[in-house]
Amino acid sequence: MIEPLLPLLTLSGIAVFALSGALLAMQLNQTFVTASFFALLTGVGGGTIRDVMLDAPVFWLNDPLVAPVILLAALVAWVTPVRWWEGQLLEWADAAGLAAFSTLGAGKALAYGVEPVPAMILGVVTGCAGGMLRDMVAGVPSIMMRPDLYVTPSALAAVTAATLMLCGVDETLSLLAGSVVGFGLRGAALIWNLKLPAYSRTSKPDA
Amino acid sequence: MIEPLLPLLTLSGIAVFALSGALLAMQLNQTFVTASFFALLTGVGGGTIRDVMLDAPVFWLNDPLVAPVILLAALVAWVTPVRWWEGQLLEWADAAGLAAFSTLGAGKALAYGVEPVPAMILGVVTGCAGGMLRDMVAGVPSIMMRPDLYVTPSALAAVTAATLMLCGVDETLSLLAGSVVGFGLRGAALIWNLKLPAYSRTSKPDA
Amino acid sequence: MIEPLLPLLTLSGIAVFALSGALLAMQLNQTFVTASFFALLTGVGGGTIRDVMLDAPVFWLNDPLVAPVILLAALVAWVTPVRWWEGQLLEWADAAGLAAFSTLGAGKALAYGVEPVPAMILGVVTGCAGGMLRDMVAGVPSIMMRPDLYVTPSALAAVTAATLMLCGVDETLSLLAGSVVGFGLRGAALIWNLKLPAYSRTSKPDA
């Protein structure tokens, strides 16, 4: 039943990621053209790296909608009042995109015959690489390095979806389950400010 | 009539980009080997990303000239007096390379059957990604984030060339027209210090 | 006689690179998930870029061992006392990985029909890109920019191996010779703190 909605959900996820890229560029007082480039990098960066590694056609090059939707997202970010985006709305939408892309990435990798563990890793790459590229070009601390849970929900989503699929569960159901648990964990991290324990050098004698 | 000159023009553009990479490494007091690596990254980075995304053979791997020309450019940067490169000469040459690569990238993407908007975007990627990679590895602020017009001339070149081609204009003429307007805008930005309006949060009530 | 050992040697090199990635993430007080991601980026980053550029299947996606070995390396880094890794042991292991990957990368490129100079460059990319990616995401100064010899031993290894192969020397012997000279130069740099002359702007009149 979710099948026909997939392209729409993917486009929504891309739009949300694009929005976050454009908003970062605007926070850094950039021009509209740069904001659009950031929107693109964030919106399709992860999926592009996934497709190139799978030797699959890069998904947005032959799609008449993805690139225009990204430019539209950049425009929306540019012309709307900043305070629209200052609450947690965007973080929740980003959580949904992160969970969806991580499961979709793992599913696509399995469909291309990739081994289980690398397929799960490709899911994480699909979910997180766009944000990583955005932060690297912007010169801000990488989303990978921030203390709140971000990669972990992505990994949970990818591992859940891939494991279910490998156990023979229906693909749509597996993707849905992975997205729900990934979104749930990221949401919990947003609400309760969850963190994984960071490494501290307690074992170092002179610390 | 420009057709037979294309390979020569491409090589010149690569040499200029390579020179800018080597000079940045030298400004940062690096060794010759690192300067050569920066020359390579800047000279072929954009075209490499384009070719990988198009699933085309990476253009410089089977070309006997490109890599040696890049190493030669690094050598020229290393042995010549710095003041040769301190005026605006290099920026003007870079402007020519930017305009040419942006149009060539868009044209190659269209030839590979990419949709119009993504093809224009690939043109911008071809023109700008080498400089972006150079700045990311060097740890200096990205060329994307500097206030002067850089991505915009690249986008103008790519959009002009792709639009003309899609309207049935002769390919060589389209590439030429795109390069001229892109070079013109980048040149105007250099002369009159043109900038696009940057985002300022005037809509934020408490700003 | 070395032939059957090659997969084992490659796995060891990947494990060492992965370890260096995980240890950097731990120094930056990251979580285990982020440390694993750094291990992955460092362990397979260079070979992934090489394979994508050669349009070869990305080597670790269809390998059941590489990804688990990387996660295991991250786990080992996490649970063992930090002081195990504080001496020069890791740097020597990294030197071995750098030399081996640089020669293997050049050899694979030649096997894919790449021109000599680009093949040597791809060897350097294979050896160095993982560490570059690790440093870019971490936001620490790039390994490319540090004063000690790192890219140069990689280049020496790749050039030696490729030159011997092109002269008709047996492939295994060529790879071995390249690895030995590369490891030797990197080791000499570690022992005697060797540096290439960095660029100084003595030719600038007002310096």
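Residue numbering begins at 1 within each chain, and the chains themselves are lettered A, B and C in the order written.
In this text, a contact is a pair of C-beta atoms (placed from the backbone, for glycine too) under 8 Å apart; a residue touches a chain by one contact, two chains touch by 3 or more.
Please read these numbers as outputs of a predicted model, since none were measured by experiment.
Participant: Indicate whether more than half of the residue numbers at the subunit A-subunit B interface occur in both copies; give same if so and different if not.
Facilitator: Different, since under half the interface numbering is common to both chains.
Participant: So what angle, to the nearest 5 degrees, turns subunit A so that its CA atoms land on those of subunit C?
Facilitator: The C-alpha superposition of subunit A onto subunit C needs 120 degrees.
Participant: Centroid of subunit A to centroid of subunit B, CA atoms only: how many Å?
Facilitator: The mean C-alpha positions of subunit A and subunit B differ by 29 Å.
Participant: Could you say which residues in subunit C touch two or more other chains, in rising order?
Facilitator: 52, 55, 136
Participant: Under the definition above, what is the set of subunit A residues touching subunit B in their complex?
Facilitator: Those in contact with subunit B are residues 25-26, 28-35, 37-38, 40, 48, 52, 55, 57-58, 60-64, 66-68, 71, 78, 81-83, 136-139.
Participant: Considering only the defined contacts, which subunit B positions touch subunit A in the complex?
Facilitator: That would be residues 52-55, 109, 113-115, 117-119, 121-122, 124, 128, 132, 136, 141-142, 144-145, 151-152, 155, 195-201, 203-205 of subunit B.
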